[in-house]
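Consider the two complexes below, in which chain A is the common component and chain B and chain C are the respective partners.
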Partner chain A sequence: MRHLTTALAATYAGLLYLFIFLPVIVLVLFSFQDGTLPVPPLNGLTLRWYEAIFADGKLMAALGNSLIVAILSSAVACILGFLAAYAFARYTLPASGLLRGLIVAPMTVSTLIIGLGLLSVLNLTGMRLSLLTVGIGHVVINLPLCFAIIYASMGGHQVNIERAARDLGAKDWQVTLLVTAPMLAPSILAAFFLSVTFSWDEFIVAFLLSRFDVTLPVEIWSMLRSGLDPRTNAIGSVVFLVSVAFLIIMELAVFRKTGKSS
Partner chain B sequence: MTADVSIRNATKVFGAFRALDDVSLDIAAGEFIVLLGPSGCGKTTLLSILGGFIEPTSGTIAIGGRDMTHVSPAKRPTTTMFQDYALFPHMCLRDNVGFGLRMRGMGKAERYEKAFSYLDLVGLKASSAKKPHELSGGQRQRVALARALAVDPDVLLLDEPLGALDLKLRRQMQDELKAIQKRVGTTFVHVTHDQEEAMAIADRIVVMNKGRIEDVGTPASIYMRPRSLFSAGFMGEVNLLPAKVRGTAANETEVETALGRVALPASAFVSGMPATGHDVTLCIRPEHFRSANTATPTISLGRGRITDSAFFGTHHRCHVAADGLALTAHLPQTEAPEVGAELDLRLKADSIVVLQAGAGVGP
Partner chain C sequence: MTATALERAERRKAWAFALPALLWTGFFFLVPFAYMAAISLWTRQGREIVATWTLDNYIAFFEKAHLFKGLVVSLEITAIVTVISIVLAYPLAWIIAERVPKTWQRFALIMAILPFWTSYVVRSYSWLLVLSKGGVVNQALLWLGVIAEPLELSANRTGTVIGFVHFFVMLLTLTIYANLIQLSPNYRRAAADLGANAFQTFWHVVLPLTLPGVMVGAFLTFVLCIGDYITPQILGGNNELVLPQVIMLQLGRRADFPMAAAMSLVLMAIVTLAYIACARWLKMERT
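Now for the complex of A and B:
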């Protein structure tokens, strides 16, 4: 009886993981398809689709754009999120709970709504759509997340540490730069890398707010309009690989740090 | 460096709560002062006011003759050693200790040299490249001390720094703190609720309760001649015996207690001589019931019966019933008190302290 339940549980877990990862496995597998259609049967393995995408200037430009937007928008979101979290954690502000709620509220709004809203605001201001506007959109999406992660890691025990720094003669900016920010480095890095992965494969806002220079997901989308092709699988695999790389960097950075400071 | 501290009529009100109520205190340069009292007595508030983290509602603070009441912590000649050490977790010990010097614009080479010398003072020079999380509690404690001393403060403020250590380590750190204080000569103001710790390290103890100073003096004078009931009770075990003044003769005053009339010398009345008919309280330390066989003049409170006894190593602690009163007596370790045995409640006249109701050090 016990063996049976264990077996059932294992089967259930296996099916669950298969359900989650099957699309990714299929995507990666058929990026090596030796043929023109990324569908079964698998005719053989080849790297020519990877050769094709790395030779594709438009695709590589989009990949570069994506990296720039992801890194810069995440950096801005982290700095703004840190400053907001610092204010809420260290000072008594009027209606603090309400204001904190308002900062994280955009997390619950769909990116489509945020994108459309930003589009109308940009039209009003007459700002031209570009990578800059995409970056602004990504800051709007990721700021609540960065704020929430950093705010959660700010505790009362750090107040005395900052107080000690001030007592030893540090000015406010020195306390922030030399003590508070390095002390919170694990959570700031976590917020940064998570925000990078979200920005990296964000489509809706990037699609709505860009025109000539586009990010990788938008470029992939326009590739898909001309039909299925193993090239889309290959570039999809690259996107997936980069996301995983960012997550691994985050885990290493964050867990090594927190492991040390505990 | 070192400096004297003068606190004048310091009061701090938080809403409806008077955390500090008209406190005045003078501390000499190079003194080791301990602020002692239960939690909520105002000792930490007073320390925070000295450090500049809290501004008093009224009153003034002067350090080395200069008014510091509204000066920020960074600009005061004080540093604070926090209860949780508050070390910078991302810096090695050398950078922790050198932080204050860096903020004062000292160059790297000179700063490191000074940081090493202070780490050496606390016996941690070999660990200078370690981070705080690699250290034990007692070692972190020492780093916090070195960091606070490295900037040559005139006054070092210590906020229950030994509270988190286990008993044995705490006793050891007390000795070290005292030795280091003697060596650097800085004025130390130390907050604690542990009266044994206070006695172990203080030049003078300031007993606080409910935002006011109850008693100030050397450990011996506070223990032997407490000037308030609170101070007598907080500094160790004490028997409080209510009495009424019956009359005053040349050098003696007769009081009536539940255990009979006794004549006490004038020196016993530490809070002033009360008028005939006033209520007073006799404070008797349990270890003073040991004078049965001595030749010096003694007074007798009659006889009592031992109801309970336990051996504490340095003494036997006995509960004694006498005319319906429950007393505590500490008998020498060489004696073997038996439950049910009678005890002669005799003690030296000069060991009794008599306090009037509401006694204490005035504002």
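Now for the complex of A and C:
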């Protein structure tokens, strides 16, 4: 009986893991397809689709744009989030509950609405759509997250260390920058990496707020118009590889460390 | 009571720290949101937006069948996806929490999340490779002789549902697992002492206690599923549009901003209603 349920459990878990992995396996496998259709039968293995995408100037430009937007918008979101978290954790502001609510509010609104709203205001002001406008949108999306993560990790136990630093003659900016920020480094890094991944993958806002320079998801989106194409498999596999590398770095650098210290 | 100079200086410092984030959210979120709410009450003449206050857009949405149908389809698909995902995810979460050795559980969870680290657009495209007429599933079934004709698995509701279920099974597995792992073994011991068999213990003790995890996951599924544009656009075909697709259509060829804004706000109102309905469970989770 015990053996039977274990076998059943293993079968069930195996089937669900197969379901979860199936698309990514097919994606990567047929990126090596020696033929123009990335579906069975597999004619043979080739690297030419990878050569094709790395030679594709538009695609590589989009990849670069995505990295720039992801890193810069996440940096801005982290800085703004950290400063605000410091303000709410260390000082008493009037109506602080309401103001904190305002900062996390975008988290509760769909990206479609954030994108549409920004687009209509940008139309009004006549500001041109560019990577800058995409970046602004991504900061709006990621700021609540960064603020929430950093604010949650600002406990009372750091206050005494900050007080000690002040007693030893540190100025306010020195305390914030040289004492508080390093103490919170794990959660600031976690917030940064998380928002980099969100921004890297974000489609709707990037789609609505860009025109000529686009990010990678938007460029891949326009590749989809040509239907099934091994080039799309190849760039998809590259994105997967980059993201997994990122996950491993995050797992090793950030979460291991915080896991041990707590 | 007047504030001392010191207090005033402290308060100025506090505002200096908080203002950048507040201004950013104010300028780039609050103002656009308010402007969009206003636009939804205005009308469109040609490509121009005219500021005349009216409820016409909202009335049109509920009256015009081709617009309102988007909402109906969205709600149906979301309901189907949520139910299937819970039914599939609960056993998996239970197996990981109960049958997988402690040291391997984290690995099992990371493996469950791993395939979702591709770009969202790429993930939906990958499902197209699996589900299309010449795709892996159809080819395999034809080869095995299970079917004589390829099945219609994409470019319809089936495709959208499979694409969604893929993601939400993972999400629900995480929220339910988190709940299962927190359960004290004492509950189960007490149930066994009182003579309950394995099934009774699960049905009367474990399941009710993990309901918060199920509800949190279900709420997230509802919110993310009903607001999504990518999966239905890639896997759903053109015969049956969900609300976000209808909204994007208003923007594209018709450039009807007021209508798109009104429909987005209806969508947001529905999400808010779902939140109110689930608030009881979402709060429980926080404590």
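As a working rule, the second predicted complex is superposed on the first by the 255 of 262 C-alpha atoms of A that agree within 3 Å, B and C clash if a C-alpha of one lies under 4 Å from a C-alpha of the other, contacts with A are read in each partner's own complex, and residues count from 1 in each chain.
The rule is short, and it goes like this: contacts are C-beta pairs under 8 Å (C-beta built on N, C-alpha and C of every residue); 3 or more make two chains touch, one makes a residue touch a chain.
All values derive from a computational prediction rather than experimental measurement.
**Student:** Here chain A is shared; do chain B and chain C fit on it together or clash?
**Tutor:** After superposition on chain A, which the two structures share, chain B sits beside chain C with no clash.
**Student:** Between chain C and chain B, which one touches more residues of chain A when both complexes sit on the common chain A?
**Tutor:** The larger set of chain A residues in touch belongs to C.
**Student:** Answer with first, second, both or neither: which of chain B and chain C does A:188 touch in the superposed model?
**Tutor:** Neither partner.
**Student:** So if I put the vertex at the Cα centre of chain A, how wide is the angle out to the Cα centres of chain B and chain C? Nearest 10 degrees is fine.
**Tutor:** 100
**Student:** A:88 in the overlay: touching chain B, chain C, both, or neither? Say first, second, both or neither.
**Tutor:** Second partner only, chain C.
**Student:** For A:250, is the partner it touches chain B (first), chain C (second), both, or none of the two (neither)?
**Tutor:** After superposition on chain A, A:250 lies in contact with neither partner.
**Student:** Would you sort A:134 into first (chain B), second (chain C), both or neither based on which partner it touches?
**Tutor:** neither
**Student:** Classify the contacts of A:166 with the two partner chains as first (chain B alone), second (chain C alone), both, or neither.
**Tutor:** So A:166 only meets chain B here.
**Student:** When the two structures are overlaid on chain A, which partner does A:24 contact: first (chain B), second (chain C), both, or neither?
**Tutor:** Second partner only.
**Student:** In the superposition described above, what is the shortest C-alpha distance between chain B and chain C in Å? Please give a whole number.
**Tutor:** 9
**Student:** Quick check on the complex: what are the chain C residues that touch chain A?
**Tutor:** 10-11, 13-18, 20-22, 24-26, 28-33, 35-36, 39, 88, 91-92, 95-96, 99, 110-112, 114-115, 117-123, 125-130, 132, 134-136, 139-140, 166, 169-170, 223, 227, 229-230, 234, 244, 247, 251, 257, 260-261, 264-265, 267-268, 271, 275
**Student:** Enumerate the contact residues on chain A facing chain C in the complex.
**Tutor:** Answer in residue numbers: 6, 9, 12-13, 16-17, 19-24, 26-27, 30, 37-41, 79-81, 83-84, 86-88, 90-93, 99, 102-103, 105-106, 108-114, 116-118, 120-121, 124, 136-137, 139-140, 143, 147, 172, 176, 197, 200-201, 203-204, 208, 216-217, 220-221, 224, 228, 232-233, 235-236, 239-240, 243-244, 246-247, 251.
**Student:** Please output the residues of chain B touching chain A within their complex, sorted ascending.
**Tutor:** The touching residues are 51-53, 72-74, 78-80, 82-84, 86-90, 99-100, 103-104, 131, 133, 147-148, 151.
**Student:** Inside the complex, what are the residues of chain A that reach chain B?
**Tutor:** 157, 160-161, 163-171, 174, 178-179, 182-183, 185, 260-262
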